[in-house]
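Both complexes shown next keep chain A, but they swap its partner, so chain B is in the first and chain C is in the second.
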Partner chain A sequence: MGKMTIGHLARVEGHGGITVHIDGEKVTRVDMDVYEGSRLYEALLVGKRYSEVASITSRVCGICSAGHALCATFAVEDAFGVPVPPTAKILRDLLIHGENIESHALHFFFLALPDFFGKKSVLHLQGDAPELVSAGVSLKKLGNRIQEIVGGRPVHPVNLCPGGLVSPPSPGELRELLSQMENHLDNVDLITSEVEKVKVPELLSREATFVALTSDEPDYPFTGEKIKTSAGEEYPLGEFRRICHERVVRHSTAKQSLYSGKPFMVGALARIVINGEKLGGKAREVRERLLPPDPSRTPLHNNNAQFVELVHSLEESARLIRVLLDSDTSEVRSGDVIPREGSGIGALEVPRGTLYHYYEFDGEGKVRDAEIITPTAQNLANIESDLTICAENAPLENRLEVVRRLEMVARAYDPCISCSVHIIRKEERGERSG
Partner chain B sequence: MIVIGLGNILLCDEGIGVHVVNALRERELPDGVELVDGGVAGFTLLNMLEGETRAVIVDAVSAPLPPGTVVRLDPKEVGKSKEEKYSLHDFSLRDVLDLMNLRGTTPEMLILGIVPGDIHTYKIGLSPELEEKFEDIVEKVRKEIEKYARQERST
Partner chain C sequence: MSKPKVGFFGLTSCAGDQLMVLNCEDELLKIAGEFEICEFTMAISGHYDGNLDVAFVEGIVAHEKDLKTLEDVRKRSKILVAFGTCAAYGGLPSMEGKFDFNASLKKVYGEETDFLKKLGTRRASPIDRFVKVDFVLPGCPVERDEFLITLASLRKGTLPEFFRRPLCCECKEKENVCLITEEGEVCCGPLTNSGCGARCPSLGSPCAGCRGPLEEIHFDAKAKVYETMGMPLEKVVEKMKNFSAPAWVVSGMEGK
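Moving on to the complex of A and B:
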C-alpha cells in the first residue's frame, strides 16, 4: 500500500494536508488531515458569563468573527427568551451581509480566481488582471466597513448584545454604505463577463447531499427556523445533532459530521441548491450566467455560487439600508436580560455554511457546557469523499497534476481549518469541574 | 499614524500585540496616534493599512531571544513564506505586504515584534513570564512609537 502526501494546502485558511492512500495503482482512500492543534475554545467558555460568549467566540477567527458573535448571541437569546426589536433584526441582517461580502470577496477574488486563471496566487493575478484584484480589495473593504458601522469594529464586533445592539449607526454612515454598494452593483456585469470566460474544470462529478437553514419567509435566508436537506427533509433547529452526527477520525483533530451515515455539504452552493429559487434581481441573473441549472454535481461550483451570493448581499444590504433610512431606528435593544438555568441554540448561515452554537447555562447565566459546530467541521467528510473521487480520476504518475486537482477541490469548499473549532475534548463531559 | 496590535487573545501570548495596544490606551502617546485592536485581522489588515501614510504593527514574533524581548523590524525583514504560495495563516503579514507592494499602496511602516513565551495553551491572558514583564514591554513599545512619531516630525 502506497501513500502520497500533500503537505500544507496552499490558499486554505489554517493548515491542512491531504494524504492519498494507494494500493497498487488504485486509490483506496483520501484523508484530509488537520494539523492545527486541538481547538479548546469550547472549554474556554465554561464558567464564563452569558454576556461574554459573543466577544470570546468572535476571537476564534478573523473572517467569521461577526458570525460567531451573532450565533452566540442567538443562543443566549434562545436560552433566556430575550425578544429582539425589528430594527435590530434588520441591522443584524446587514451585519450578516457585510460578513458575507467580506468573506466571499476574499475567497472568490484572492483564493479561487487564481485557480480559474491558472495562476499560482493572487500576486500573479495582479499582473494579468489588476482590475479584478482591485474589485476584490474594494469589495472586501466594503464588507469590513459594513461590519465596522453596524458591529462597531471591522473585525471582532463589539456592538452586539443579547436583545439587540448597543447603539444604532447614524443615517450619515448608512448613506455612505449605500453609495458604495450602488457603485459596486454597477460593476457587477463587468466582473461577471470576466468570470464567464473561464470554464469550471471538470475534475469530478457525483451526487451529493446538501444542507442549509431555511425559512417560510420569501427571502433568500441566512437565518431560519428549520434545517433542510436537499433530499427534502426538514428539522427544527433544536435537532441539529440529527444532521451533525459527529464522529471522531484518527487522522484529524477535528470531528466530522455525517447525516444518515453519509457526508454532506454546506455553504454557498448548498444554500443555492436548497433556497436558490428565492434569489431575485441581479443575483438571479448572475446565477443564470455563472452556474448551470443543476450545479450540484461538483463542489467547484461553490466558487461562483459565492460570487452570486456576494451580488445578492450587495443588493439586499442596499435594500435594508433604504428601509432603515425611511424608518425610526432609535429602538435597537429590548429590556434587561434576566438569566435563568437552561439551554439555547443559535444557528446561522455564515459564508462557509451553517454554524451552530449551543450553550447550557446555570441559574446565574454562567456557561455550564458549550458546543460549537462550524461549517468546515461539517464539510470535512464530504471534502474527503470528493477528494477520493477526484484522485481516482487523476493521473497518479503526475504528482504535480494530482496536487493541483486535489488542492482545487479542497479550496472550493473555502475550508477554514483554523476555525474547525470542533475539538476532541481531553476530558469527558462528566469530568468537568466547571 | 495608525498603531495596530495583532494576535489571537484566546491563545495565550499569541495575543500579546492586542494586549499591548489596549494597555497603550492608558498611556501618554504623541498626538495623532490611532490605536487599533486588529485581532486576527488576516487579510483585513490590507484594508486597515491601505490609505495610511505611516503605520506601526505590534505582533508576536518568533525569534531566538528571551520571551518578552521587543524586536524592531523593517517590513523587508518580515519572513518570506516557505513556498511561493498563498496561505492566509502561513504568514498573512508577509502576504499582505507583498500585495501592497505590487499595488503600490504600502505605507511607511515599523513592525514591533514581541517574543512570546507560550502560544500553544488555550487561555485568555498571558503566560506568567510575559505577565511579569508586561509593564516593561508596554513601556518599550510606547517609547518606540514615540521615537518613530518624532522621526516623522523631523522629516
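Moving on to the complex of A and C:
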C-alpha cells in the first residue's frame, strides 16, 4: 500500500491535508485530513445564557461569523417565540448578503482563482488578470463594509440580539453602500466576460446529491422552512438530522454527514441546482453565461456558482437598501425577550452551505444542550468521494499534476475547516472502520 | 533597512485574525511590497522554513501539532506577536474551569474518546504558556487600525506603544450613557483593554470583554467602582472569563 500526501492545503480556511492511498497502480481511497484542534463549542455552550449564544458561536469561524451569530439568534427566537420587526428582518437579510459577498469574493478571487492561472496567490495574479484582481478586492471590501455597517464589525458581529438588532444603521451609511453597489452592478458585464475566459478544467464527472433550504416564496432563498434534496424530497427543518446524519469516523476523529447513507453536497452550487430557477435579473443572465444548464456533474462549477450568487447578492442588497431608505427604520428590536423552557432550531444558507443550530434551554434561558452542524462537516464525505474519483483519473506518476488537481477539487468546495467545530485531525489513522 | 520577513500562522482558531489581514483590502498590495510575506498558508501556497523577523501567531494550543508549530515558529522568529485574544488570553475555546475537558469530549464525540487524545487533542491554552511572547495585539478579532499601525512600526524596526486604558475611557469619549449605571447591564468596560473605540457600548450593548483584561487591574479599587455603580465585581469577572479564563484562573492550567 502506497500513499501520496499533501501535508497542508494552502488557500483554504483552517488546517487540512489530503492523503491518497494507493495499492499498486490503483487508488483505493482518498482522505481529507483535518489537523485542527478541537474547540468543543457545543460543550462550552452548556450553562450559558441565551443572550450569549450568538456571540460565543460566532467564534466558531471568522469567515462565517455573521452566519453563525444569525443562525444562533434564529434558534433562540424560535425557542422563546420572539417576534422580529420587519425592518430588522430586512437588515438581517442585508447582513446575509454582506457575508455572502465578502466570503464568495474571498474564495472566488483570492483562494480559487490563482489555480486557474498557475499562481501562488492573488498577490501574484496582478499581471495576469488585473481586472479580476481589482474587482475581487473591491467586492470583498464592500461585503465587509456591509457587515460592519449592519453587524457592527466585519468579523464577529456585535449588533445582533434576540428580537432584532441593537441599533439601526444611519440612512447616510445605507446610501454610501447603495452607491458602491450600483457601481459594482454597472461593472458586472465586464467582469463576467473576464470570468468567462477562465476555462473550467475537466477533472471529474459524476452524479451527486445536493441539499439546500427552500421556501414557497418566489425569492431565491437563504432562509426557508424546508430542506430540499436534488432527488426532490422535502423535509421540515425539524428533521434536519435525517439529512445530516452525523457519524464519528473512528480512527479518523472527523464527524461526517450522510444522507440515506450517502454523501451529499451543500453550498452555492447546491443552491443553484435546487433553487436556481428563482434567480432573476442580472444573476440569471450571468448564470446562463457561466454555467451549463445542468451544472451538477462537477464540484468545480461551485466557483462560478459563487460568482453568480455574488451578482445576486449585489442586486438584492441594493434592492433591500432602497426599501429601507423609503421606510421608517427606527424600530429594529421587539420588546423584552422572555425565556422559557424548550428548544429551538436555526437554519440558514451561509456561503458554504446549510448551517443548523439547535439548542435546548431551561426555564431561565440557560443552554442545556447544543448542536451545531456546519456546511463543511456536511460536505466532507462528498469531498472525499470526489477526490477519490479525481485521483483515479489522474496520472499517478506525475505527483505535481495529481496534487494540482486534488487541490483544485478540494478548494472548489471552499472548505471551512475551522467551522467544522467537532472535527479533529484524522491523520495517522489505520483502516477506516466506522 | 531591507524588507522585514514576516509570517502569519494560525494555530487552532477561527481564522478571524488572519482574515483581518486580508480585510485590509486597500493596503494589501502595499503590505506585500513593504514586507516579504514568507508564509501565510491561508492565502499563499508554499511553505517556508527560514528565519523570520516577525511572526504573527493566531489561535490557541489545542493539539500537539499546534505546539510543534508554535515552538518551531518561536525558534525562527525575532519577534513573536500574539495575534488576537485567543493567542493572548485563551479566548472563548479555553473557558478553563468552566467545564470538564473529558466530559466535553464525550459530549461532542460520544462515549469513546481515547482515540482523540491519541491523535493529539489537548486542553486549550494561550500561547504564552509555552513560549515567550514579545508583543500582544488583543481583540477578537484584532482591530484593523491597530494591525496597520503595528506593521508601520515594524517596517521602521520598532514596535508600537499602544496606551491601554480601561475601555470605559473610550466609551466616555464617545459620550455614551453608561450601561452599568443607567441600564444595570453587566458591562466589562472597566476591566477590558481599550482599542476598539468601545464598539459595543456605542451601539447600546454591554462590552463582553473580547479584548481581554488590562494588564494591571487594581481589584480593590475596581471593586469599589463597581460597588458604587451597584454591580458586583464577581459578575463582571464571570463574564470576562468567556474570553480570557486562563488569565483569571491561574492554577490547574498546565495544558493536558
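What we mean here is this: the second predicted complex is superposed on the first by the 418 of 434 C-alpha atoms of A that agree within 3 Å, B and C clash if a C-alpha of one lies under 4 Å from a C-alpha of the other, contacts with A are read in each partner's own complex, and residues count from 1 in each chain.
The definition used in the following text is that contacts are C-beta pairs under 8 Å (C-beta built on N, C-alpha and C of every residue); 3 or more make two chains touch, one makes a residue touch a chain.
Keep in mind that what you see is a predicted model, and the values were worked out from it rather than measured.
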Practice problem: Could you tell me whether chain B and chain C fit or clash when both sit on chain A in the superposition? | Solution: clash
Quiz item: Thinking of the overlay built on chain A, is A:T388 touched by chain B (first), by chain C (second), by both, or by neither?
Solution: neither
Practice problem: Have a look at where A:G152 lands relative to chain B and chain C in the superposition and call it first, second, both or neither. | Solution: second
Quiz item: Regarding the shared-chain residue A:T229, is it in contact with chain B (first), chain C (second), both, or neither?
Solution: neither
Quiz item: Counting only touches as set out at the top, which of chain B and chain C does A:A43 meet: first, second, both, neither?
Solution: both
Quiz item: Looking at the overlay, does A:N303 come into contact with chain B only (first), chain C only (second), both, or neither?
Solution: neither
Practice problem: Report for A:V166: first if it touches chain B alone, second if chain C alone, otherwise both or neither. | Solution: second
Quiz prompt | Touch count on chain A, higher of chain B and chain C | solution = C
Quiz item: So, does A:V60 touch the first partner chain B, the second partner chain C, both, or neither?
Solution: both
Practice problem: Please work out whether A:N144 is in contact with chain B alone, chain C alone, both, or neither, and reply first, second, both or neither. | Solution: both
Practice problem: Go through chain A and flag every residue that touches chain B in one model and chain C in the other. | Solution: 8, 10-15, 37, 39-41, 43-44, 56, 59-63, 65, 106, 110-111, 114, 120-123, 126, 137, 140-141, 144, 153-156, 418
Quiz item: What residues of chain A sit close enough to touch chain B in their complex?
Solution: 8-15, 37, 39-41, 43-44, 56, 59-63, 65, 102, 106, 110-111, 114, 120-123, 126-127, 130, 133-134, 137, 140-141, 144, 153-156, 418
Quiz item: Along chain C, where are the residues that touch chain A in the complex?
Solution: 10-20, 22-23, 25-26, 28-29, 32, 37, 40-47, 60-63, 65-66, 91-93, 95, 98-99, 103-105, 107-110, 112, 115-116, 119-122, 124, 140-141, 199-200, 203-205, 208, 210, 242
Self-check item: Residue numbers on chain A that touch chain C, as the complex places them
Solution: 7-8, 10-15, 35-44, 46-47, 52, 55-56, 59-63, 65, 106, 110-111, 114, 120-123, 126, 137-138, 140-141, 144, 152-156, 158-159, 161, 166-167, 248, 250-251, 253, 255, 418, 421-422, 424-428
Quiz prompt | Partner chain A, residues of chain B touching it in the complex | solution = 8-10, 37-44, 46-48, 50, 83-90, 98-99, 102-103, 120, 122-124
